[in-house]
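Each of the two complexes below includes subunit A, the first together with subunit B, the second together with subunit C.
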Partner chain A sequence: MALIDLSKKEVHCKIVYYGPGRCGKTTNLLFIYNAMGNNSRGKMLTIETKGDRTLFFDLLPLNLGKICGFDIKIQLYTVPGQTMYEATRKLVLKGVDGLVFVADSLKVRKAKNVESFEDLCRNLREHNLKVEEVPLVLQFNKRDLVSTPIPTLTCEELQADINNGLKLPAFEASATKGTGVFETLKEISKRTIRHVTAKHLMPSKK
Partner chain B sequence: MAQTEKELNLDSFTEEIEDTIDDLFTASKQIEIDPLTNAVKEIPAGSEEIPLLITEPESDTAAEDDSRTEDHSSSDGTEDILELDLELESEAYDVRQAPALEHSLEQLNQVFMTLEWEISQQEVESAKDIMCRIKDYPKIKSESGIKRILAMMTSILEAMAASPESLDTSSPGVLKKGLECLQALTGSAPLDSENRHTLLSKTLDLLEAAVPHETEILGTSSEELSDSIETELKDIETSREDKKDFQEISAAIEPGLTEPKSEPVTDHQGHDKPQEETPPVASPQPEKLETTRGTNISTRLNCQEPAGLLPSVESHIKVLEEIIHRIIPVEKLLEETRGMEKLYQFQKNLRICLENEKGHLTAALEGQDVPASPDTAGDIHEDTGDEGQEKTTVSSSQSPKHSPVISCPWSDLLLARWNGKQVFLIPQQISYAGSPGWKARKVLSKSDTFPLAKLKTFPWSRIRPCLQGDLACREEAELKGIELPVIRHPDAAVGDSTLPDNPVMVILYHKDQGMVLVMDSPLEAVHISPEWQWNFDEHSQYPLIGQIKTTNNKITVASLTGPELT
Partner chain C sequence: MADLVLTAPVLEKTRREIDQALIKAGAHMVLLVDEAGNIVTSCGKDSSVIDTTSLAALAAANFGATCQIAQLIGEDDFSLLFHKGKKDSVHFTRIEPDFILITVFGEQVSLGLIRVRVGELARTLEKILGF
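On to the complex of A and B.
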């Protein structure tokens, strides 16, 4: 849940990048951290694994500065994608305000995408949240591989697998190159802010 | 809330936020991330995009890498990649044709690559099947070194199947190293015996470290192993004998010290060899090993020094260093993450414990006494000192907590550096010890008093959870009003309130008395040796109340009041 301190005029939102192992969640954050200007981003907290799997989680705080007197801060988290780290994923999801589901475009990861999305829905339910209630944006990562002989899924297949009936916005991306990374971030940030302000600052409109 | 609504037009508020998001959330420079190492490389503006096939192996990394190196030499490289990829996708390997050993090893390589990606039962089973087949090849059957590698790899796979979370993340990588060794040993180009031994020894070390302690080597009976390895790997065994001896001594002396390594070594090298067969480790009185649990390892090194023991200790120090190095980022992350204070404390204690052990070993290696070292202060003189003292010191080392305090009124103290000098603090007086936040630093560098409210990281956070001791029993409202004097070191220049590079703020509080000290280093727990002498010095400048004379040093004690307080 977003932290809103009216006396201090601060709004903190938590956005979690979710997805199967090796889909590029940490790469998304790394790209944002390295490509973004120093003024609006904080220090990225990550356990350095030199390209190996995320062991715990990554955190990147972003600061939008003062808007209408409010200090707006967004914290980006990733979860460890490997199946065995379910407890950590559940923990990171606590108090989430927005979600980016990073799907892997590799054909061999088709089942893992679905499994991870189901895992997300299940974990959200355990926090008394429904996937329809939380701002959620899909990112189809590794689209750069489409032009290579490596078998990949089409966007339609990915939509059918994950976005079936949910009508979530989806972005094609290549996190290593940065394609679609900021587009995804902008969309989820806007949606999250809208959701948070509507929920917490405008109770009458609910 | 109502007031905010009046002041704030929410539509324009969200619009403004969205505009800011559009402005700020953009790439200020062009970069590319290496998917293998996460290394970031900047791309000069306007540079051409490099073809994706060559530079972006975000997918099956190792597979692509391998295939690409082949591709450059072949004209129809793309087809090769496609073929390999499809092969990776296929779940069952064609076992109808009896494949050659090389082919089986290649199949195993592909399964290991998949395991490196993600551990799944199916792949683990595939790997085990292939390894069973490999074991049957005459070339493998005849070589016990190779058999041993296979046995260890099977153990890792078993553990992987049973509880993947208990394994190190590098385990699939270790399996690949094992496989590379197998490929080298069974390859068409024969290795000379020296290279062969080096490779075997190196790989066995790697595998040993990765094999979980509880698992036994599967697929090879211990008798079989002990027979064959003793003959064929005699050289390697000899070089390790000292290590094993050392670990056995260590296990007898200090069970916690060698725990991570001792079991695998015993498992894989002992091979059911009866305990009695082990050489008596050059100990003049082996029966005493049982009774001297907790004896410092340094004393053992000083009195025994069997050949090859020093390299073993050095290797232990290296391992400890590596573990400490791995713990530090986790600890740092936990320290900076709200809600993880307990885990942080746990990691911190773990690191300190390992650092202490490393200190003991280093000191032992250099043939030094271990001044002010925890747990073992009483033991330092045990073996190096005269024999007349042995009985009393052995008993004190067995139960350091209950050792009679001869001259010091404390059994444990905390050691830190203050104004560049070592100083002891009394643990019972510590209410807070930690790196001060920016607010606290500001106050500490400017003011002579410190309001406890400045301990809060965020305006909404609470003070009480940060505290321990007497202060932790106070109400939050009461804590907010408490302001304590910041005491500078008596030797510090008047008016000099410059903070050290990595200040550690310590709050001492007991019976309504308190003060804040800024240390140069974190606090380290130290058990007081009975030999150390305490001198109360009424002329010392507050808060220094006296000195403790250690084996080769004098360290002052800083306290709220005299020793009667504790």
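On to the complex of A and C.
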């Protein structure tokens, strides 16, 4: 649910990075945080837990400039990826305007990718949303491992597993190095803002 | 969750009521947020003193988490939460159906006063916001 503040002329959108545990959702946010200037980024919120796993969520607020005189502010969230934290994922999805599904390129994570995507579809349905209706972009992360001896999935395999029939845009990425991180962010921001503005600010141009 | 579009008069009236009920009673800051963690409006202390974006997101998550605790003991929900600090404390209350009112106040203001004022304000806000 986007929040449009007519008195301050601001539009707030919520974009959630979803995906299986250890696929690199927090790494995406960290790279964006480190690469953006102080004027366009807010304070990154990470709930401290033991170890490096996300147990609740991470939050990174960004300012994306103006459209039709409205300041566009987006908040990037991550969810905890592990299967057992379904309740938290459902909570973070509340009011979502756009989604990035981060898939893990490691061969051993094939089943986890599919499981997580099915979990996403189920949780969206519980919020009365359909996966086809919410702006959604795929990111195939850890592509830097393709050139190493570690067994990885090909993009075709990942497409067949997750993007079967949905025709979603997909980006190859390596979040630790930053490859594809901003391409993904740019596409999901564009789609989310187009979706929100078409719905509320310029309904006639829909 | 329905889309929310705020109009300036409604927002102005909401701010006035919050200011009258809580800021004048000594609260440092009051935030009205939705359950997704978006800030609807803020009153009181400058937002550069307290990170309101993080506070709103954490308050929404906190409410969601305690809702699960409520269900474990057979309740639907907890309608208010209170965290006491050494100097400052935070009071959270649900404004039906989708909002949370966050009140940050110091030791010179009693919890009882905040609870009474928040109770009255909640009913007023529910009317203003159209429920």
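Couple of notes before you dig in:
The rule is short, and it goes like this: the second predicted complex is superposed on the first by the 193 of 206 C-alpha atoms of A that agree within 3 Å, B and C clash if a C-alpha of one lies under 4 Å from a C-alpha of the other, contacts with A are read in each partner's own complex, and residues count from 1 in each chain.
Everything below uses one rule, namely that contacts are C-beta pairs under 8 Å (C-beta built on N, C-alpha and C of every residue); 3 or more make two chains touch, one makes a residue touch a chain.
Everything quoted here is computed from the prediction, not taken from an experiment.
After superposition onto subunit A, partners subunit B and subunit C are found to clash with each other.
In the superposed model, A:K186 lies in contact with subunit B only, and not with subunit C. Using the contact criterion defined above for the overlaid structures, shared-chain residue A:K177 touches subunit B, although it does not reach subunit C. In the superposition on chain A, A:L59 contacts both subunit B and subunit C.
Shared-chain residue A:L45: touches subunit B and subunit C both.
When the shared chain is aligned, subunit B comes close enough to touch A:R22, but subunit C does not. Once chain A of one complex is fitted onto chain A of the other, the partner contacts of A:S147 are limited to subunit B, with no touch recorded for subunit C. In the superposition on chain A, contact of A:K107 is made with subunit B only, not with subunit C. A simple residue count on subunit A separates subunit B from subunit C, and the partner touching more is B.
The single stretch of subunit B with clashing C-alpha atoms against subunit C, selected from 153-161, 315-323 or 333-341, is 333-341.
Of the residues of subunit A, those at positions 3, 5-7, 45, 47, 56, 59 touch subunit B in one of the two structures and subunit C in the other.
On the side of subunit A, the complex with subunit C involves touching residues 1-7, 12, 14, 42-43, 45, 47, 56-57, 59, 61, 75, 77, 87-88, 91-92, 94-96, 127, 199-200. Contact residues of subunit B toward subunit A in the complex are 1, 4-5, 7-8, 10, 12-14, 16-18, 20-22, 24-40, 52-53, 56, 58-60, 64, 78-79, 81-82, 85-86, 88-89, 117-119, 164-165, 169-170, 329-330, 333, 336-337, 459-460. Touching subunit B in their complex are the following residues of subunit A: 3, 5-8, 10, 21-22, 24, 26-27, 30-32, 34-37, 40, 45-53, 55-56, 59, 62, 64-65, 67-70, 72, 82-85, 106-108, 112, 142, 144-145, 147-151, 174-178, 181-182, 185-186, 189-190, 193-194, 197-198, 201-203.
The touching residues of subunit C, counted against subunit A in their complex, run 1-8, 11-12, 34-40, 51, 53-54, 57-58, 60-61, 64-65, 68.
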